[in-house]
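Listed below are the structures to be examined.
One chain, subunit A, appears in both complexes that follow, with subunit B as partner in the first and subunit C in the second.
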Partner chain A sequence: MNAVLGVTLQGIQALRVEVEVEITGGLFVISVVGLPDASVREARERVRAALRSLGISVKGRVAVNLAPADSPKEGALLDLPIAVGIAHSMGEIHVTRPSLFMGELALDGRVRRVRGAVPAAILARDMGLPLFVPAGNAREVSLVKGIEAYKVEHIRGLFEHLRGSAMLQAIEPSEESVEYPEPDPDLSDIKGQAAAKRALEIAAAGHHNVLLTGSPGSGKTLLARSLKDILPPLSDDEMMEVLMVRSTVGLSLDSSRRRPFRAIHHTASTISVCGGGTNLRPGEISLAHRGVLFLDEFTEFRRDLLESLRQPLEDGCISVSRASGSVTYPARVLLVAACNPCQCGYLGDPVEPCRCSPSAVDRYRRKMSGPILDRVDLYVTVPRLTPEELVQAEGQEGEGSPEVLKRVIRARERQWERWGPLGFQCNAELPEKALKKQVGINAEGRRFLKEMAGRVRLSGRGISRVMKVARTIADLAGDVDISTVHLAEALAFREGGDLPWNR
Partner chain B sequence: MPRHLDLGAAGEDLAVRELSRLGYRVMGTNIRMRMGELDIVAEEGGEIVVVEVRTRTLGRMLPPEATVGPSKIRKLVRTGTAYMDSIGWEGPWRIDIAAITLGTDGKPALEVFRDITVGLIKP
Partner chain C sequence: MLLNACGSFDARILDLMEERGVSLEDLSSGSRSAMDLLGIVDTARERIVELFSSEWPEEEMERCEKKGVKVIFFSDPEYPQALRGINDPPLLLYSRGRTLPSGEKVAVVGTRKCTSYGSGCASTLASALAGAGVTVVSGGARGIDCAAHRGCLDPGGKTVAVVGTGVDIAYPASHASLYREIMEEGVILGEYPLGTSPRPWNFPRRNRIIAGLSSRCVVVEAPEKSGAITTARCALEAGREVWAVPGRITDRVCRGSNALISDGASPLVDIVAFASLVSGRQMDLFSPETAKSEMSGFSLTPEEREVLRLLADHGDMTVDNIATEGKMSAAAVLRVIGVLSAYGLVFASGPGRWSAAASRG
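Up next is the complex of A and B:
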């Protein structure tokens, strides 16, 4: 194996790139082969200038080969390994131990921050190789444990390190921030809306998708944002997944274990949400991985965007195929959608009259994507509070987020115990088969469900949705079997959906 | 000899003297190849250097170095390559321009432009 290694990104995975350099006589020219993109090809100007800043003048015909030759290389992060490879080939330095290098070079030899440091760190850990990263990336790399990594400020420091004359500073694993950020907004900050808060608790406990319907100003957005603080904290593996996606996009990283919350505006393009573009970046749905994806004004979203969310909601990952290649990004999200009940927004409001004609209401409802609604387990109506309720004194606003979070975590633990051996994490993921056999429902509950299925005309899928939600409610209560009480509550959240639509 | 050829020859003599002072080891001047002539061939820093000498009187429209255009550069590359082949040199080489401007007081000023083909040669 060649000792000088770089990385390139393939989806959110880092791929090892061997940098081979051959220098022959002739007029000076650097040629880069191995499917480089424009920014890699431009590396030769930066590399020569950076090496010149160290007094190393590159002469002759320089051929740089990036192996494996068949996968496309992107990004300026290959500047540093190319510079090291050329200097190694010129005999200026000797890289004896295989090492991974990444970084973009400035003309004066400084090393600039790049995206994708976390995937590179994970590759370095898996291969057991030392990693050299720009100082600007040191913080994110410090979140990956068990690697030997060094931060490079300037290429001079790196060369001195490789020559053994002065050592670079090793990156120490960073201490995890133990404190959990303050809930914003806290559930107790939201007045009224007991049913909606309960729905959010169930959604958080069982990973059920939610649709919030209500008039303008009823607090749908506030409720949705409060969801992220009652979701259980990220586990170690989940945290790594979230960090990898964020690092791939080049977003700043924090070491908190709070789940991501991404709100998308309804004018967003399909590519920005699903991922893609010329160099295949992950989209919003991947940034919301292991967290909440919030679609406000659900009815205003472009149809093709909503339809493209169907597959990731089902599979928990999204495959993006372009001419430049095909990659799979993680996309396991809790979907929260919010919309008004009709065009004017006041259908069913106790005070404000609705100004929509029946046909306008009909047209508005038809905009809802059926297949997406089909993946929603909880339909919640969010009523507007009356003026008296709004100005009421503070206090008696129910539990705060931390208490709810404790219940949610316990419910998740129960689910994990039950489904873990079968390979699922939460109730919403259950396939039909497991549901029938192992969901645990008592005789009375079964009778009740049979009766209700006839009365409210539940479809087969409807019944399994109700059972899943009821299972979560039972888990929240700590009950072994689903009973009538749980089913009745689950049915209420089903009916919420039946009221305005689907009639 | 016409005046402009006199000027050129004087410029080349001056360039040889000045380049030697700058550390170039001059290997030959006015080397004729089939497709053209190389003004000065020297060795510097482990490389063979083909030096194109341009001399101008101050006040002309263009500075001397600007008179080397794309077609001249192509010709220099071809001639230089042929020369390296003829002497069997397989190491790195480059092309420099020695630009000499003759001031109004008759005093010449020399400026060397190193490695003028960087970025111009397509791999």
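Up next is the complex of A and C:
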């Protein structure tokens, strides 16, 4: 194996790239082969200038081969390994131990921050190789444990390190931040809305997707944002997955274990949400991986965008295929959708009159179904509190997020114990078969469900939703079997339970 | 005679024909003198001649038979007596469903764009009337009409929908299931030929039938210019009692109905009293806890009774209100709401708001 190794990104995975350099006599030219994209080809100029700043002037025909030759290479992060490779083959330095290099070069030899440092760090960890990263990426790399990594400020420092004259500073693994960050917003900051808070607790515990319906100003967005703080903190593996995605798009990283929360505006393009583009970046749904994806003004979203979210919601990952290749991004999200009850937003409001024509209400209602809402388990209506009600709610904040979080974590543990051996993690993922056999519902509950299903005309899907939600409620309460009380509460969140004010 | 229904004539033409000595044959031959006698203009004459020479009536009867639609002619004994009394009774009625229920009928009408208060009132009122054995007549439209029909059907009452389209058309289309339910217990009436699609000018005309069929007409919520006000006017012309449910004076949708009150319509302030008045029976239904738990075998827990009582006392409440007033946890309230809404004892009166349904099972 060639000693000089670089990385390129494929999806959110880092791919090892061997940098081979051959210099022969002749007029000066640098050619890069091995499916480089434009930014890699331009590396020639940056590399030459950076080397010149160290007093190394490159002469002759330089052929740089990036292996494997058949996978496309992208990004400026290959500047540094190319420079090291050229210097190595010129005999300026000797890289004896195979190492991974990544970084973009400035003309004066400084090394700039690049995206994709976390995937590279994970590759280095898996291969057991030392990694040289730009100083700007040191923080994110420090989050990956068990690697040997060095931060490079300037290419001179790197060369001195490789020559053995001065050592680079190694990156210490950063201390685990034990403190869970302050909830923002805390559930107790939200006035009233006990029903919606309870729904969020159930959603967090069972990973159920939620639809919030309510008039403008009822606090839907605030409620949705509070969800991320009652979700259990990221586990080590989940943390790495989140870091990899964030690092791939070059977003700043924080070491807290809070789950991501991404809100998409309804004008977002399909590519920005699902991923893709000319150089295949992950989209918002992948950035929300292991966290919350919030679709505000749900009914305003274009149909094709919602349609394209269906598959990732089902599979927990999204495959993006373009001319430049096909990659799979993780996309396991908890979906929170929010919408108004009608176009003007005041249908059924006790104070404001609704200005919609009946047919406009019908039209709007029709939008509130379809591929995505089929995946929603909890239908929650959020009242817009009148000023009197707000005053009344003063002083009754209810529980704070940390207490709710404790219950959620316990409920998740119970689910994990029960479903872990069967290969899934939470109640929302329950397949139909397990729902029938292993959900654990007592005889009285079964009778009750049968009666209620007849009364409120629940569809087959509706029944399984109620059962899943009831399972989560039972888990929150710590009960082994689903009984009438759990089913009754689940019924309050059923689809269509919110409809009659429309008639 | 069937032919007359294709033009826009009403039953007055029959009297007129008799009075002026014009026979059907004269009409079908298109004799100008006969037309002049009846005051029919030329364009209408052409249409009549054309229709008389066509096979349309036979075809229409065949279609009716196929679709299970009954045609009741003005001369038939089944033709509702009450309708004969109005100024311009329809020549015939298309009817789908059961036969027209006999006994007391009350029209409950109002705007399509109602508030939750309005639809709640309409539905409660209709339920109370149904409980008292009174038939509720309305127009099968959205809003108040729909609430009235549903409110009447829920406790198993009989209801009549007088539609402004062909009786085989569900308009709005989302009411197809409502129409099916109405036909099971009650009847859908209309005067327009099968397949007539919704036209704005047809709806006010059918309002005279709504008013004519009923002994009393209740306007729940109506803005100043609305079909419900037309119905009230027709009811007045036909000598029916007009009642109106008082609404908030600031709401546009209540202007018309409130104006009716100030013009002398009886204000409907007590649903139970009204239902007793109409049915002539003493009614005692509005103590929800007792009335409801006794009937239809719902055995309610004390918690459920408490919530029901709170909702009946306060009207529309959020889960927060109920939790505070009833000193229960939100989860417990939701549990109760889940059960009560499935029983149909409470309904969502707005996003996140609940009201007691005052139906009687």
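The criterion applied here is as follows: the second predicted complex is superposed on the first by the 491 of 503 C-alpha atoms of A that agree within 3 Å, B and C clash if a C-alpha of one lies under 4 Å from a C-alpha of the other, contacts with A are read in each partner's own complex, and residues count from 1 in each chain.
Methods note: a contact is a pair of C-beta atoms (placed from the backbone, for glycine too) under 8 Å apart; a residue touches a chain by one contact, two chains touch by 3 or more.
Only a predicted model underlies this, so the values are computations on that prediction, with no experimental measurement involved.
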| For the overlay on subunit A, clash or fit between subunit B and subunit C? | fit
| request: Would you check which partner chain A:Ala434 touches, where first means subunit B only, second means subunit C only, and both and neither mean what they say? | output: neither
| task | Between subunit B and subunit C, pick out the one touching the greater number of residues of subunit A. | result | C
| task | Once the structures are superposed on A, label A:Leu168 by its partner contacts, choosing first (subunit B), second (subunit C), both or neither. | result | neither
| task | Can you pull out the angle centred on subunit A between the C-alpha centres of subunit B and subunit C, to the nearest 10°? | result | 130
| After superposition on the shared chain, which partner residues are touched by A:Ile409: those of subunit B (first), subunit C (second), both, or neither? | neither
| said: Touch test for A:Ile463: subunit B only (first), subunit C only (second), both, or neither? | reply: neither
| request: Classify the contacts of A:Leu222 with the two partner chains as first (subunit B alone), second (subunit C alone), both, or neither. | output: neither
| field | subunit B versus subunit C as contact partner of A:Ile271, first or second or both or neither | value | neither
| request: Could you look at A:Gly60 and tell me whether it touches subunit B, subunit C, both or neither (first, second, both, neither)? | output: first
| In Å, how small is the closest CA gap from subunit B to subunit C once the two complexes are overlaid? | 68
| field | Of subunit C, residues touching subunit A in the complex | value | 112-113, 115-116, 119, 142-143, 146-147, 150, 172, 174, 251-253, 316, 318-321, 323-324, 330-331, 333-339, 341-344, 347-353
| Touch list for subunit A against partner subunit B, complex | 24-31, 45, 48, 57, 59-61
| field | In the complex with subunit C, residue positions of subunit A that touch it | value | 192-198, 213-215, 218, 341, 347-350, 353-354, 356-359, 362, 381-385, 389, 392-393, 396, 398, 452, 455-456, 473, 485, 487-494, 497-501, 503
| List of subunit B residues in touch with subunit A within their complex | 45-47, 77, 80-81, 84, 89-95, 115, 117-119, 121-123
